[in-house]
């Protein structure tokens, strides 16, 4: 056996490649993080110069008119997300419990599969669908239609996170409860959901955050409005996101400035929700939303 | 007593099953309505709709090809730019920061935060800030230097084009792809790394020849998920792509995607025009369906923890 | 610390080798000399530091976050921990076989065998095939796989996988081979084959093998080191350590009073 390697160093090329790749890898993380910093800073600066109590409480005005505000959009967003939550939480949690507790049934497998397919589906298609089934039939754009569209985005998220959280509950807990004679339905509510409730709440908050940030589903279903709505079913409704879109793509500097302001409000809400989940529930919003 | 208990159990099961059925109904209803809404153009144009390149509502001439092209091109740019960056982020955080776990956690959290930014804000920033910047510092120079390459052949128009849209999409899908990649890399057993180290490999060689190959199906999954996101994204794209149908290799040309078309033109459409847009939505639905189903089937074989079950 | 009665030159030796995981000191100062072209067994109860010890010999220990090494490890007169020695280069000269066989699952048997060679820049197809065959023969695996070289490395049985890992380590022509309980996951037939190859290999390599199995040590090793709680208790010719242990602890361990 010849002693061919008595060296104590490796070839220059290998050392160079190693260094180069390390630099590229560091570059990657810089490239990934910089846009976030730029966006947040821009929103803060441009939006910050527009924010005021008046901005948050006044009605919208035509471009270049002073004293304009985004109040109807704020109220509209809250209303529609609220409606969506009302509709999606029972269905989403219900389906999620079914996936977890009756996981061997064919219905659960099929529905679960379709649920995963629906998660992250193009939201524009969902918006168009709700337009067809609700707006065309009622002949009105409305907060109701917008809320339903948002709920179709939320349901798959809630169903999946509910199912995942409940699956983590050890089987032994269920068995112990049933062995004590507690009926299955009570076991599910008290023991299973009781243990998994943090995960459940995380999923719901996650879905709410997602819905708050959505624009496409609202474009056709709720459109926009310059005033507060008096009817949930018969009037187009403003929302933060659609306002940002409309004002941002307009050619008026004053409206573009307001778009930044609305963006700041929206980002603050999103960050608040994200931090809420992270610190109080201990899980990152995007970890939970991973599919 | 037993009968009452059984009643409670059955009632619950029925209620929950109804919820599960609702989801199935949702997906099926979606498919049905999209199909029904596009029958007018389907009978008028048939398969030709998929390859037709003309889109003119005044002349009742509709073809989906420019939009399919735009969706695919912008998604391709997003993946080409975003996937290497995502893998780099994942390698950095889970391979290079082994002795600095908390820094890795913080960096990961920051990258994840990118996913919390709503797409309309990406669109706003892209339109008002990134597009002019890209145009001035990247696209103009590229055009001046490399105009003979078809990719860069037309004068950039203020950054409202395929390239900018692709880059914004890349930024938006990086959090998803890097989070999945991070998980996958963490799951690679240490003994694999040590085997390559003990043969005399450098850090990069160990990553390149042992860790990444081992994780390759997971990384493929990350790619699929990123693709699914990119294909369906509407707002950020509609704000920076120009919304003019185009089939060209020229990255600096304005373009149009399936979802941007729906967002932009559905509102004012009627009759055959409307049917054409619904058929566009149907095409997008099918593309997203295929990608999502594929991703789901792929996930069956991946070691990614609980995300798979059911 | 005991005397070492050796007349042959030491291929690799340690001087005052200490190792830590964070604050926990696992090796408390080991002085050992390993004679060239011999098989040395390292024995001791669980937790005595024997695995950490060999992982310090090829500088794998320091890859664990928080791990620290002090002291010297001298290979052919050079301290491998000196600042102008690249650990990557050293690891080629000191090969390692792990407790659980770990062939690269995405590579074929052939690719596994030549993985280390390709790392070190050998590209010539013919040369690679030659070296692959030679190392597979040395690991007593060639006859079993020569017609199936394209099959994935994981398509083999446990014992065959371990011999593949041995071949993989051999291919880069190291001078020292470290083995961390290489047979503990194998059945007796596979163990016998691996032991057979180890005995054949000592003609050309210096082998250090950590083992829990005293009969194995008695079967295949020329020298034995006994460790306890991070210290070297005794070292000597295997026959002497087993039949005439100089230290009470050694004797207790050998006679099974503790394990």
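We just call them A, B and C in the order they show up, numbering each chain from 1.
Following the convention adopted for this analysis, a contact is a pair of C-beta atoms (placed from the backbone, for glycine too) under 8 Å apart; a residue touches a chain by one contact, two chains touch by 3 or more.
Because the structure is a prediction, the values reported are computed rather than measured.
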Looking at every pair of chains, which has the largest contact count? A-B
Greatest separation from chain C - chain, by CA centre: A
Please tell me the distance, in whole Å, between the geometric centres of chain A and chain B computed from their C-alpha atoms. 16
Cα-centroid distance, chain A relative to chain C, in whole angstrom: 53
For the pair chain B and chain C, the C-alpha centroid-to-centroid distance in angstrom is 49
Among the residues of chain A, pick out those that touch two or more other chains and give their numbers. 10, 14-15
Hunt down the residues of chain B that sit against at least two other chains at once, touch-wise. 200, 202, 205
Multi-chain contact residues (two or more partners), chain C: 88-90, 92-93, 172
Sites on chain B touched by chain A in the complex: 5, 8-9, 11-13, 15-24, 26-27, 29-30, 33-34, 37, 84-89, 91-93, 96, 107, 109-125, 127-129, 171, 174-176, 178-180, 183, 200, 202-205, 207-208, 225, 228-229, 231-235, 239, 259, 262-263, 266-267, 278, 281, 284-285, 288-289, 292-293, 295-296, 306-307, 309-310
Touching residues on chain C, where the partner in the complex is chain B: 58, 60, 63, 65-66, 88-96, 98, 100, 102, 104-107, 115-116, 119-120, 165, 168-169, 172
Would you pull the chain A residues touching chain B in the complex into a rising list? 10, 14-15, 17-18, 21-22, 24-29, 31-33, 35-36, 38-39, 42-43, 90-95, 97-103, 107-126, 128-129, 131-133, 152, 155-156, 159, 163-164, 167-168, 183-186, 188, 209, 212-216, 219-220, 223, 241, 244-245, 248-249, 256, 259-260, 263, 266-267, 270-271, 274, 278, 284-287, 289-291
Partner chain C, residues of chain A touching it in the complex: 1-11, 13-15
Write out the stretch or stretches of chain C touching chain A in their complex. 76, 78, 80, 84-86, 88-90, 92-93, 121, 172-173, 175, 204-205
